[in-house]
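You will see subunit A twice below: alongside subunit B first, and alongside subunit C after that.
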Partner chain A sequence: MRVKGRHKATKYRGAAGFDYHRLESTATQKSSYVTAASLILVLILSSAAFLIPDRYLPGLILCEMLLVIHGVYRRGNPGVIARVFIVQLIITMSLYYLIHGQSQLAQGAVAVLRILLAFIPGWWLSITCAPERIGEVLTWVLPVKWAFVIAASISLLPYMTVELREIYHIQCLRGARISPKALRDPRNWSELINCVIFPLLIQLLKLSRQIAVAAQLRYFGKSKQPTHWR
Partner chain B sequence: MLEQVNPHYQMDMVCADMNLLELNRVSFRYHSDSSLVLNEASLSIRKGECHCISGPTGSGKSSLLNLIVGCLSRPFEGELHIADGVVLGLVMQDPNVQFIRQSVGAEVAFALENLAVPYDLMVGKVQAALRRVGLYVSLDMPIEQLSLGQKYRLMIAAQLVYEPDILLLDEPWAQLDDMGVDELMSVLRLLKSDNVAIVLVEHNPAAFSDLVDHFWQLKDGRVTSGCFQLAPISFTRPGYVPVGKSVLAFEPFEFCFEDQSPLFVCHDHLELFEGEIVALVGDNGAGKSSLLKSIAGIQSNVRALPLAVLGKQPRLGIFGGELGLLLQRPNRQLFENTVLEEMQFSLKRFGLPLENADRLLREMGLEDLKFHSPHTLSYGQQHLVALASLASLKPKVLLLDDPLAGLDQAFYCRVWQVLVSLSQQGTAILFSSHRQMNHMPVTRSWQLSDGILQSEQGFMDCMNAG
Partner chain C sequence: MSKSFNFSLQDALFIGFCATLLVALKSMLRLKLGISGHSMFLMTFFYLICYGVVGRVGSVSACGLQSGLVAMILSVGKGGPLILIKFALPAIAMDLSLILVAGLFTLRWRCVLVGLIGCFAWATKGWVEDLLVGMTMQVALVQFALSMLKGGMFTLLAALMVPPVLERLKSHDLLYKESAK
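And now, the complex of A and B:
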C-alpha cells in the first residue's frame, strides 16, 4: 500500500567537474562553520540581554549596533526592529504603568531594552544565514527532525509576517478595534487576539500540516543521516 | 548478457501494460455521521497516461489525491494498490504552501537530501530537473522572486528530481494565468512523452483537453467516465447606471515599490463610478493585488499615487464601512463562532442594522448555515460568507482581489449575483482577475499588460455613448 521504489532516486549519475565540486565543497563547509559560530554568538548575546547586570548593558548595545549595521549592509530591514521596539514599548510600559504606577516606569524601559537586545541577534541571524544551513548545523547537536522543525520555522517567519500584516489590515477594514490608537485601551486587546491572533494560528496550523505533507512526500525522515545542499 | 541490460529498461518492459495504480471500490468519509466523499470509486492508471478527474468545488477531488498519496487521517474502505517500485509526486493547489526552502536549488534538492544523495551528485540532478520543466534560473535565486507560473514549475521539478512514475496535480488551472497554463501544458506534454503518468484534478477540464487521455467526473462520491459538464449559465447584467458620481479617480501615474523601477504605468485618467463593476485584468505578478491594496490604503511600500477614493487620499481606517476589501483566500478573515456572528461583526462595529446579515443570508441561500461554525464550511461557502460579511455593509466602494479563483461555476454565479445586487444599490465594484472576463458582463475592464494599465470600453460606455 505504501509508496515504494525510492531506490530510483538514489541511483547516481556520473559527476562532472570533480575539482570544481571539491572547491565548492570546501567553501560550503567553511560556510557551515561560520553559521555554527553565528548561532553560538546569537545564543550568547540573546542570553546576555536577560542575564547581565544593568551596568554592562551599554557594552551589549555597542555589540548589537554592529550586528544591526552588518544586517542593514546585508539588505535587512531595520524597520522590523523599530516596529518590535514600538510594540514592546507600548505594551510593556502600559503594563508597568497599570501594575506599578509611575514609579517603576524606568524599570519598564530597561525591560523593553532587554527584550529588544534579545531580539536583534535573531533578526541578524535570519538575514545572514540561510535556514537550510542553520538546519544543517543544528543536526550536529539535535535529532534531524528537530533541526528540520527549527529551520522550517525560521523559513516560515517572513511568510507568517506577511500573513499577520494582511489579516490585521483586513480586520481593521472590517472595523475591528485594533488600530494603534484603539489598542491603547486594554479592553480592546482581546479583540486583537480574537480577530488577528486566532486566525493567524489557524493559518499556521494549516500551513504546518501542508508543509509536513510536502516534506513527507519528499522522503523527509527516510534517511537517518541526510546529506545537505550547499 | 543479461547483466548488461539496463534494469530500468527491463522494468519498463515488464510494466508496459501493468497498472501503476489501481483504486478498487474505494469509499471514504471524514466523519462517521457525514456523507461519503468517495463512494465505491474505481480507477486504474498506466504508464504515460493522462487522467483528468473533474467535478464541482467540494466534490472530493483533493481528498481523492490525498487518499492516493496516503495523507488522509482516517481509514477508507476498498483497495488501493500501488505497484511495487512506483513513485508518486504531488503538486498541491497552492505551490506557495509547499515550499520548504528559500532558494530554487535548495528546494529541488530537498528530496535528494532526504535520500542521502551525496552533494557532488545533487547539483547535476537538480539542474536536470529544472531543465525538464524549462526553468533556467540561478540555483541561488530566492523563490519569492519567481512568478506563480515559475513557482508551479519549480514545484514540479522538486518532484521530478526523484523521478516519479505518477505526477498528481491539484487544480492547476485555478491558480495560473493563461501563460502559466501554457507553460505547464508544455511541461506535461514532455513528461507524458517520457512515460510519466499524470493525474489532474480540475473543475475546468476543458483547459487540458489536448493532453488528457481519460476524463473522469466525480459527483456524489462516484467516479464515472466522462467530463464534468459546466451548466450553461447567463450572467445577469448590472442595471444601467448613469455616469455621474465618481468614487475613485487616478491621475496618470507610475506604480513602483520603493527603491525599484516602475512595475507598471498608467497614461490615462482612470475613474470608477457608482454602480459600476470593473474588472482589473492582468497576469500573475502584474501588480493587481498591490494596486487594490494601495486603493484601500494598506500598501505601505509603494510610492505615493495621485489617487482619490471617495474624495480622500487613502489611509487605513479612514473610510469606515464605506470601503470594503476582500483579499485572496478570504477564509483568513473568519474568526467568529457562527456564520451569523461573522456577518454581524462589522455591522456592530460600524453601527449598522444587524438585520442586514439575516436578510443577506436569506437572499444568498445561506440561511441554513447561519448557526454553523464558519471553519467547518467548504472552501466555496467560506468564500461566500466572507464576501457576504462585506456586502452586508453596502459599502460605496468594494475591492475584491481575485474573488473567483478556485470557485466552480455554481459558486461563480452566486458571487456574481451578490456583486450585481450591490451594484444596483450603487456600490462601485473593482475586482481583479488573472483571466479575461469576456463571458461576464462587467461594465468595463482595466487591462494591465506589458507594464501598462489602461481602461477598455465595456457595454456601459456604449450605452452612455448611445
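And now, the complex of A and C:
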C-alpha cells in the first residue's frame, strides 16, 4: 500500500515537472561513476609507485601533490602522511646505514619516497569518496550473495560494536585484565580472547543464523533480479 | 573455483561478520604500527576461527577477500585497492596449505602450521614490495626476516588460542554441524 502511494506521489511530481526522485537517483548514479573512476585512478597511481622507472618519478610526484592539495582542501589530515613518512624513513635509513654505510643512503631515500607515493592515493580515496558509494561500485562486480553479506556486515557493525563495548565493560567490572594498559602485555591477550571475543563469537553465530532465516523468509536468492536498497 | 565459494547463507554471513569484526578491531585497538606484525595476530585468529566453524576449504579465502573489501570500503589501514592484497594473500596461502595438510595433524598443530604459512605469505609480500621500490637485496632480506620473526610470534600466539575456543564452542553445542577436527 505504501509503495503504491509513493509511486503515485512520484508520478504526480513527474507531472508537475519536478521529479526529485529521478533527479536524486541521477545524482547518485553520477557520484557512483566518479567513485569507480577514483578507484581505478588510485589503483593505477599506487601500482605506478612500485613499477615505473626512476626517471618518471617526478611526474608521479606532481600528480600526487595535486591529490594531497585536493585532500587537504577536503579537510583531510596531512599528519597521517607525515607519520608514515617518518616511520618508514627511520626504519629504512637506519637499516641502510647499518648494512651499506653512507654510500647508498640516496637509494634508500628513493625507496621510502616510493612507499609514500603508494600510500597517498589510498589516503586521498578515503577522504574524497563516501563508503556507501565504494560499496555500491563493488556490488557491480561482486556476486549478489556476497554483496548482501558485505552490506549486512557493514550495516550491523554498529550493533556489533555496541555488543563488544558492553561485553568489554562488564568483563572489566568483573576484574578481567583487559584494560588498554594491561593489553600492552601479550600474556593478557588470551584473557581478551576468553572474556570478550568468545562471548562475541557466540553472539555472531546467533546473529548470522537469525539474519539468514530472516533473509530466506523474504525469498532472498529466489529471484534473478534482486532489489537494491539505497 | 566458484563452487568452493558456494557457502550457505548462514556460513557466508558468519564469514562476513568475522571479516568486519577483524577490520573493526584492527582499527579500534590501533594495532597498525607501520610494518610490525601486530595485524597478523587478529588475521590468523579470525581466519582460523572461520575455518574451524565453517569447516570447509575456501572459507579462509572468502574471509580474507571480505576483510580486504570491508577495509577498502571503511578506509581502514593504508586504504585503497592495494589493501585487498594485504588481507587476501595470507588467506589464500592458508587455504592452499589447508588442502595439503587437511587431516594430517591434530587441530592444534595444523593451526600453527597453516598460520605460519600465512605469515610467510605476508612477509613475502612485504619482501616483493621492498624489492619493487628499489631497496637492495640485503636490506629487503633483513626487513623480510624481521617481519617473519615478529609476525611469526604473533601468529603462533593466535594459532595456539584457536583450538581451545573451538573446543569451547563445540562443548556448548554452538557449532551446528560437523566442523574441522
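As a convention for this text, the second predicted complex is superposed on the first by the 123 of 230 C-alpha atoms of A that agree within 3 Å, B and C clash if a C-alpha of one lies under 4 Å from a C-alpha of the other, contacts with A are read in each partner's own complex, and residues count from 1 in each chain.
Assume a contact is a pair of C-beta atoms (placed from the backbone, for glycine too) under 8 Å apart; a residue touches a chain by one contact, two chains touch by 3 or more.
These figures come from a predicted structure and were not determined experimentally.
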item: Which of subunit B and subunit C A:A215 touches, first, second, both or neither; value: both
item: First (subunit B), second (subunit C), both or neither touched by A:Y56; value: neither
item: Contacts of A:W140 with subunit B and subunit C, given as first, second, both or neither; value: neither
item: Touched partner set for A:L207, first subunit B, second subunit C, both or neither; value: both
item: Partner chain(s) touched by A:V87 [first = subunit B, second = subunit C, both, neither]; value: second
item: Touched partner set for A:A118, first subunit B, second subunit C, both or neither; value: second
item: Contacts of A:W189 with subunit B and subunit C, given as first, second, both or neither; value: second
item: A:A152 touches, of subunit B and subunit C: first, second, both or neither?; value: both
item: First, second, both or neither for A:A176, with subunit B first and subunit C second; value: first
item: Residues of subunit A at both interfaces, subunit B in one complex, subunit C in the other; value: 131, 152, 194, 198, 202, 207, 211, 215-216, 220-221
item: For the subunit B and subunit A complex, residues of the former touching the latter; value: 8, 66, 69-71, 80-82, 84-90, 92, 96-103, 105-106, 109-126, 144, 158-159, 161-163, 165, 293, 296, 298, 316-317, 319-321, 323-325, 327, 332-335, 345-346, 348-350, 375, 389-390
item: Of subunit A, residues touching subunit B in the complex; value: 1-10, 12-13, 15-16, 18, 21, 25, 28, 130-132, 152, 155, 158-159, 163, 166-167, 169-177, 179, 194-195, 198-199, 202-203, 206-207, 210-211, 213-223, 225-230
item: Residues of subunit C defined as touching subunit A within the complex; value: 5, 8-21, 24, 28-29, 34-35, 41, 45, 49, 53, 66, 69-70, 72-75, 78-83, 129-130, 132-136, 138-139, 142-143, 154, 157, 161, 165, 168-169, 172, 174, 176
item: Touching residues (chain side subunit A, partner subunit C) in the complex; value: 39, 42-43, 46-47, 49-51, 54, 84, 87-88, 91-92, 95-96, 99-100, 104, 107-108, 110-111, 114-115, 118-119, 121-123, 125-126, 131, 134-135, 138, 142, 145-146, 149-150, 152-154, 156-157, 160-161, 164, 183, 186, 189-190, 193-194, 197-198, 200-202, 204-205, 207-209, 211-212, 215-216, 220-221
